[in-house]
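Both complexes shown next keep chain A, but they swap its partner, so chain B is in the first and chain C is in the second.
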Partner chain A sequence: MGTSFGRGGATTFQQDLQNSDCIVIEGSNMAECHPVGFQWVMEAKARGATVIHVDPRYTRTSALADVHVPLRAGTDIAFLGGIINYVFEHEKYFREYLVSYTNATTIINDRYLDTEDLDGVFSGLDRENRTYDFHTWQYEGMEVQAASGQRDEQYQDRAGGGGTVRHAARGESHGSGGAAISGDPEHDPEMLHTRCVFQVVKRHFARYTPAVVEEICGVPQDLFLKVCEAVTSNSGRDRTTAFVYAVGWTQHTVGVQYIRTAAILQLLLGNIGRPGGGIMALRGHASIQGSTDIPTLFNLLPGYIPMPHAHEHESLDAFIEADAPDKGYWGNMRAYTVSLLKAWWGASATDENDFCFDYLPRLTGSHSTYETVLAQMDGSCKGYFIVGENPAVGSANARMQRLGMAKLDWLVVRDFSLIESATWWKDGPEIESGELRTEDIPTEVFFFPAAAHTEKNGSFTNTQRMLQWHFMAHEPEGAARSDLWFYYHLGRIIRQKLAGSADPMDRPVLDLTWDYPTEGSIEEPSAEAVLAEINGWDPEGRPLASYQQLKDDGSTSCGCWIYCGVYADGVNQAARRKPWHEQNWVANEWGWAWPANRRILYNRASADPDGKPWSERKALVWWDEEKAEWAGHDIADFSSTKPPGYRPPEGATAEDAISGTDPFVMQPDGKGWLFVPSGLTDGPLPTHYEPQDSPFRNPLYRQQRNPVRQVFKRKENRYHPDPESPGSDVFPYVVTTYRLTEHHTAGGMTRWLPYLSELQPEFFCEVSPELAAERGLEHMGWATVVTARNVIEARVMVTERMTPLTVQGRTVHQIGLPYHWGPNGYSTGDAANELVGLSLDPNVHIQEAKAFTADIRPGRRPRGPGRGALVEEYQRRAGIGEETGMAI
Partner chain B sequence: MALDRWPVLRQLRGEDRLGRGAAVKSERSEGLTPRTSSADEVVKSICPYCAVGCAQNVYVKDGRVVHIEGDPDSPVSRGRLCPKGSASLQLTTGEARLHKVLYRRPHGTDWEELELDRAMDMVADRVLKTRSETFEWEDGEGARLRRTLGIASLGGATLDNEENYLMKKLYTALGAIQIENQARI
Partner chain C sequence: MTLTELLRTAGGDPATNAGYRDHPPRMGFFTDTSVCIGCKACEVACKEWNHVPEDGLELTGMSYDNTQGLGADTWRHVAFIEQRKQLGSQEPGVFHDGRNGSTAGGSSQLRWLMASDVCKHCTEAACLDVCPTGSLFRTEFGTVVVQEDICNGCGYCIPACPYGVIDQRKGDGRAWKCTLCYDRLSVGMEPACAQACPTDSIQFGVLDELRQRAAARVGQLRDAGVADARLYGHDPDDGVGGDGAFFLLLDEPEVYGLPPDPVVTTRDLPAMWRHAAIAAASLAAGVAATFLGRRP
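What follows is the complex of A and B.
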């Protein structure tokens, strides 16, 4: 969403779903995975909204929806692209919104070639290096910035096609803020120019007819048209439609483009920034939004500032130049970056030394968790911290995760109980099969017991970008400690050991600001003091109130600019708990949301260009002529006193360059992007590609898969044969993974609890009665599921919730696998992640776990060496080698 | 027990046809008080599982958590919790939690116990040793790197923002860049 709108967070908040006239839940089983949030969908339904659930499985969400649309896993772009085509064909777009608030009128340069022209790929594809050069995707009349493209391509040539900046998850650095472009593009307000975005997008999706949707997704045309009618008749001045998605959309080799398709549709229909509209991203963990905002991610610094790259960012100036557009709020990137460096290195960061910019380590390519696992297997990564996560069963290709750990010098696991990632050396599947022997494994393993949320102070950022504080009820017992304690004291001890060192390697650690006050008998560092540092201080040492106060001269400090204001007036705003019944429905006085406590992003778009609500029914913010400021139910996501009539003067930069009618303030042109001229690694528009492992040919183009997806040539990570090639029938079924209400992700917080284990006692697979009959599977019996990576066993649940679909004239069966299990705890079973191969989205490096293929057969899997032998036998039968599935 | 005190009969004959009040009360249940009423303190909290972010009231008595329930004031959850959130009392106070540091030495076949301070010191030593052995100042082209690819970290999405912040700050100062969390997983 970052590239379409300017920020990666959900555009709306859960309670606002009650205002929707139509809600499309796709790629999410909200009723079971986000059950308490689902009450707002039910509120909308009670007020007469239409609820549509698009999902391979019939679930409790489907049961409560007005319409359930079963579709083949991995085909959502075709489905949504079909709706986009319907919108164009029947002229259902919101013309005024489109012309004023999106880049529909912008002209694209004449070197751009579409997938329509090139049989499934865009112009600029470098086949050898599997990357796109996106210079040809630019707006007409724009300066192409060489800094991020060419310089690094030269580096790539020299390094022999190794890492590139683009592979360094560049797309994600737009989690808050669009890409860098400069210059003034050309427009056609009539949207008739053949190269204007409106026409380009229209042509691109023209192929996605109802018949094609049926052919790819297995969705009958009348059902598909029903969805089109519901969505379009509930969008416009007076009505709004919301989209809700979760990891069912992100875990694909084209995951980012799934979300882009929904973004395009919502922009066409004028549903962004308005009550009851938007795109609600439902995240899985308590603070997964927080852990990308203040990122434990390799490619980002706090607030979506990119990590510097060795060959691009030698100095602070070069870094800012390369990445900051001169218009929009990212135009102040230098102020955000310098304030961060001041927060980290305090008095040591001065103008003379580039504010210690040189202290930042540099990237040279992708260093994501999956590359890290390969580095562990190869012996170059030697030490590993696992903190509240369970990759031994929870990450794709779980066996590779364990094999990597078995090569480490040392491993630190911090968790509540002895999860699989702590005990694999003793009782993991490879010990059982005889592939590894405990005595041969050199890894030192430390297990540290973790403190629970009731034993520490701190904030979580929920799925709607809202920070909520939880208070310590009592100190943790025994040696259990918070991660705040662990990292603070680890840093303290390391600094003690290095004290007095003259080695330049140690300077960044020794110069770090690390003097947090501690509290209580265990010397717990003050979480509130850390929050205050994240919020930042003005030159007089007073807490800042807003990121607009940040300066690029080193006089302000701020640990995460998008969180600036969370400690305004020295008050912990995240801890506010004014009851909902004492405030309006937006409830701005409960917790604190970034940015600047705004709850619906881009809400300037809820008013027309003149600043009046599009309709009374959908009023949210509006221009108050008398007070000369933006007023409304929510806080305006706009300069509060910038009038609708404001036009930037010649040469204006940063926020001054955004006109009074441009709601997408983080974008360099202030527009919502239907077409993304830069910032995505795999194309300016979404295109249907088949998943890495798929039983079907791509009927649209000769290009079968996303040509720039990330694939790995490893014997532990083999792919399946191309459809219709010899051996492809060995893995005939489509598998999709998901989660249940009663367990949480890899189970570390649930499989050890008696209540929840009793509710979901063991691993199972869901199959249709037709598939059960075809393969001789018995309800409550055992099944063995095999891919080229591994083999697992599961209890069989035969259920009509799984529907066989007709795709390209053939019946396709789908297998459902919940992925919470592993051998430890009370509720046990094999891990579905054993089956998943590493094939990643090129923008954000997320694995394709939601759609792959497998075989299923009755009975339990082999024990001992027979387990590996069975996988090898399948590989042989399918003729799988190192080139299988690697074609671009 | 007299037959007419059988709850089903009381439910059918009495006022409480839905069996939510008088019909299902017994002498024992009359004498029970909710754990919430005898608590010393109510601490405001947030469910640690999914990103809905339901608000919790944590009831504390004698320095221990005795009950956790939904906070009716929350605009998001309005007092509701799902099975996971409702089970968080068992998560925080259940027997499955460990309270000791465990250590497995190289090639060891079982766990040993370690004191926390000693374990912290050992981890600090290993971090510094690995960092020194794997530190890279420049790549083959002479471009500045100032980093180590020897140390990696995974986790963060279940942690507090303040925890993620200290992790990223310390790792970055140490030159470690392979810092990842569940956002990708």
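What follows is the complex of A and C.
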């Protein structure tokens, strides 16, 4: 979403779904995974909205929807692309919105070649290195620089540096800010130029006809057209449609492009920035949004500032020069970066030493979680912290996760319970099978009990970018401590041990501002003091109110520029608890949301170019002529006093370069991007590719899969044969993994609790009666599920909620696997992630857990060495080797 | 005169009948199963608040229902019913042709009903009638509550319940069931299940208001083409004098495991005693006559 709109967060908030006329939930099982937020879908339904659920399975969400569309897992781009084609075919786009607010009119340079021209790949493909050179995707006559995404990659171009950084591409850095461009692009307001974005996108999707959708997705044409009609008839001046997605869209080798497809559709229909519209990204944990805002990701600094790469002699200015666009809010990147460095290194950060820019670690390539596991197996990663995660159950190819950990020198696990990631060395599946012996494992494992959220102060940043403070109700018992306590005291002790060191390597640690006050008998650091540091201070030490106050001269400090204002006036704004019925429905006084407490992003687009609401029914913010400012129900996501008639003067930079009619203020051109000239590693437009493991050929192109997906030639991570090649029938069924309401992710928080375990006590697989008959599976009997990676067993749930589909004239069955279980805890079972291979999206390095293939057979899996032997037998039968599935 | 006042003067209010003179209006639950998403938050919230013990890990295979029914250790129970029927104009998308193991049908009919069941807090509560210790009593809110410190575990109440709700706890012997969170009501809070319900499927409030709301909801659903929508337990003229916890169902009560026509099991007690008395009197008369007849 960052590349399309400028920020990577949900464009709306769950409460706003009540204003939708149509809600499409796809790639999400909202009723089960976000039941509390689902009340707003029910509210919309009660007001007459049409609710559509597109999902391989009929779930608790489908049960409450008006329409359920079962589709083959891994084919959503074809489905959404089909709707896009329908919109073009029937001229259902919102023309005024499109012309004014998107890059539909912009001309693309003549070197750009589409997948339609090159049989499934875009121009610029480097087959040797499996990467794209995106220079041919640029606007006509200008250079477009990704303001987020792979920005530092263009360092060579802009600053004349060196080094290969493309593999560390970072789609996440679109979290706040789009891509950069220099110069002014050419436009065709009539959108007739053959190379204008409108025409390029229209041609690109022209082949996604209802017949093609049926052939790829297995969705009958009449059902597909029903969705098209519902979506288009509920979009326009007076009506809005919202899309809701979760990891059902992200966990694919083309995950980012799934969301891009929805972004294109919503821009075409004029549904972004408007009440009841938008794209609601539902996050999988309580603070996943927070963990990218203040990142746990290797390639980001707080506030989506990219992590610098190891270019030689790169100075702060060169870093900014290479990374920051001239126009849009990223034009102030130096102020954000310098203020961050001041927050971290305080008085030590001076103009003379580049504000300690050299203290920042540097990237030498991709260090995503899966590559870290490979580095463990190869012996180059020696230590590992696991905090609030259970990779031995929750990560793809769980066996590889354990094999990696078995090569470490040390492992720290912090959790409530002795999760599988903490005990694999004594009772994991490889110990049972005899593959590993405890006495041979060198890893020293440290387990630290963790405090629950009720036992500490702090904030969650929820799925809609809103920070909500929680207060400690009870001090943690025994040795349990908060993560804040752990890291603060760990840092304190390390600094004590390094004190007096003259080694320059130790300066970044010793110079850190590490002076948080502690409270209570356990010396808990003050979470509010951390929040105040994140918010930042002005030169007089007063809390800042907004990121517009940040300076690039070192006079301000701010730990995360997008959170600036959360501690305005010295008040914890995240702790505000004024209910919506005591204010308006937007409820800006409940908690605090970034950016600047706005709840619907790009809401300038809820008004027409003149600043008047598109319709009274869909009014949100508007230009108040009398007061000469933006007014409305929400806080305007726009300079509050910039009139609609403002046009940037020649040579304007940063926000001054954004005109009064450009709602996408983080984008260098202020536009929503249908076509992304820069910022994505795998193409400027989404294209249907088959999943890594698929039983079907890609009927659109000779190109079967995403050519730049990340795949790994490892014996523990074999892929399945190409469809229609020898051995491909060994794994004939499509598998998708998911969650149930009753458990949470890898189960660390739920499988140990009796009240939740009794509600879903055992691992099971869901199959249709037809598949059960085909394979002799009995309801509540056992099934063994096999891939080239591993084999697991599950109880069988035969249900007519699972339906066979007809794809390319063949019947295909799908298997559903909830992924919560592992061998530890009160409720136990095999982990579905044992089956999943590492094949990753090249933008964000996420695993393809939502669509792969397997075989299923009745009965329990073998114990002991027989487990591995069965997998090997399957590999032999399918003729699998190191080249299988590796074709570009 | 409000409906409540009317009912009170008509003698239909259980708290009044129980001897409360100045009491709050009758409170209850309206469970609208048409908006239930089967999240089971009610089950968990109930157990958490009332310290109801876990009662076994069993994967039942009855759809997503691993709780099975109300009992001593389950005071809220969410039923899951997968049916080959259409729900109003819903398009479920699935296709089973009736061959290869699927049930007959041929079309895309499927619906998944979910419903949270609970003690009905009957107007005429047999459990309360038969309780010899006074452990079961009628509260000022018109609800029926067991007092755990008085219950002696005699178990009379268990066969008395026409819904099979109240139950003896194993290893404890006492009878347990939903209290409609009497402790929370007493301090102005709503019951834990209703507060936890994200979609307002469980609505707590003044019973008369709930009945009006429910009638409107049934009308709305029927207008929307859900012809099966009906209320259950709302009628003060039914066999238990109406339930304090009533439901909007989308199929026959039996589908949800509810009795179609519950009758307070103590209703016929007076008549039975009358018949028994007559029988006893007849017997006595016969015996007397026999002896009298012997007299010389």
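Note that the second predicted complex is superposed on the first by the 864 of 888 C-alpha atoms of A that agree within 3 Å, B and C clash if a C-alpha of one lies under 4 Å from a C-alpha of the other, contacts with A are read in each partner's own complex, and residues count from 1 in each chain.
Throughout what follows, contacts are C-beta pairs under 8 Å (C-beta built on N, C-alpha and C of every residue); 3 or more make two chains touch, one makes a residue touch a chain.
Everything numeric in this text was worked out from a predicted model, so none of it was measured.
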Practice task
After aligning the two structures on chain A, examine chain B and chain C and state clash or fit.
Solution key: clash
Practice task
Return first, second, both or neither, reflecting whether A:Q549 touches chain B, chain C, both chains, or no partner chain.
Solution key: neither
Exercise for the section: Could you look at A:C381 and tell me whether it touches chain B, chain C, both or neither (first, second, both, neither)? Expected result: first
Exercise for the section: With the two complexes superposed on chain A, say which partner A:Q39 touches: chain B (first), chain C (second), both, or neither. Expected result: both
Practice task
Examine A:H68 and indicate which partner it touches, taking first as chain B and second as chain C; both and neither are also allowed.
Solution key: second
Exercise for the section: Tell me which partner A:T741 touches in the superposition: chain B (first), chain C (second), both or neither. Expected result: both
Problem - chain A: partner with more touched residues, chain B or chain C - result: B
Practice task
Examine A:S233 and indicate which partner it touches, taking first as chain B and second as chain C; both and neither are also allowed.
Solution key: neither
Handout entry: First, second, both or neither for A:L531, with chain B first and chain C second
Key = first
Practice task
For A:L756, decide between first (touching chain B), second (touching chain C), both and neither.
Solution key: both
Practice task
Answer with first, second, both or neither: which of chain B and chain C does A:A31 touch in the superposed model?
Solution key: second
Problem - When the two complexes are fitted on chain A, the stretch of chain C hitting chain B, from 80-88, 206-214 or 242-250 - result: 242-250
Exercise for the section: Would you tell me the residues on chain A in contact with chain B in one complex that are also in contact with chain C in the other? Expected result: 35-36, 39, 741-742, 754-756, 759
Fill in the blank from the handout: Within the complex, chain C is touched by chain A residues 31-32, 35-36, 38-39, 42, 58, 60-70, 223, 226, 740-742, 754-762, 764, 768-770, 772-774, 779-780, 795, 797-804, 826-827
Fill in the blank from the handout: Within their complex, chain C touches chain A through residues 35, 37-41, 43-44, 47-48, 54-59, 61, 63-64, 66-67, 82, 84, 89-96, 99-103, 110-114, 198-200
Problem - Contacting residues of chain B [partner chain A, same complex] - result: 41, 43-56, 58, 60, 63-65, 68, 71-78, 80-88, 90-92, 94, 96-111, 114-116, 119-128, 130-135, 139, 141, 143-170, 172-185
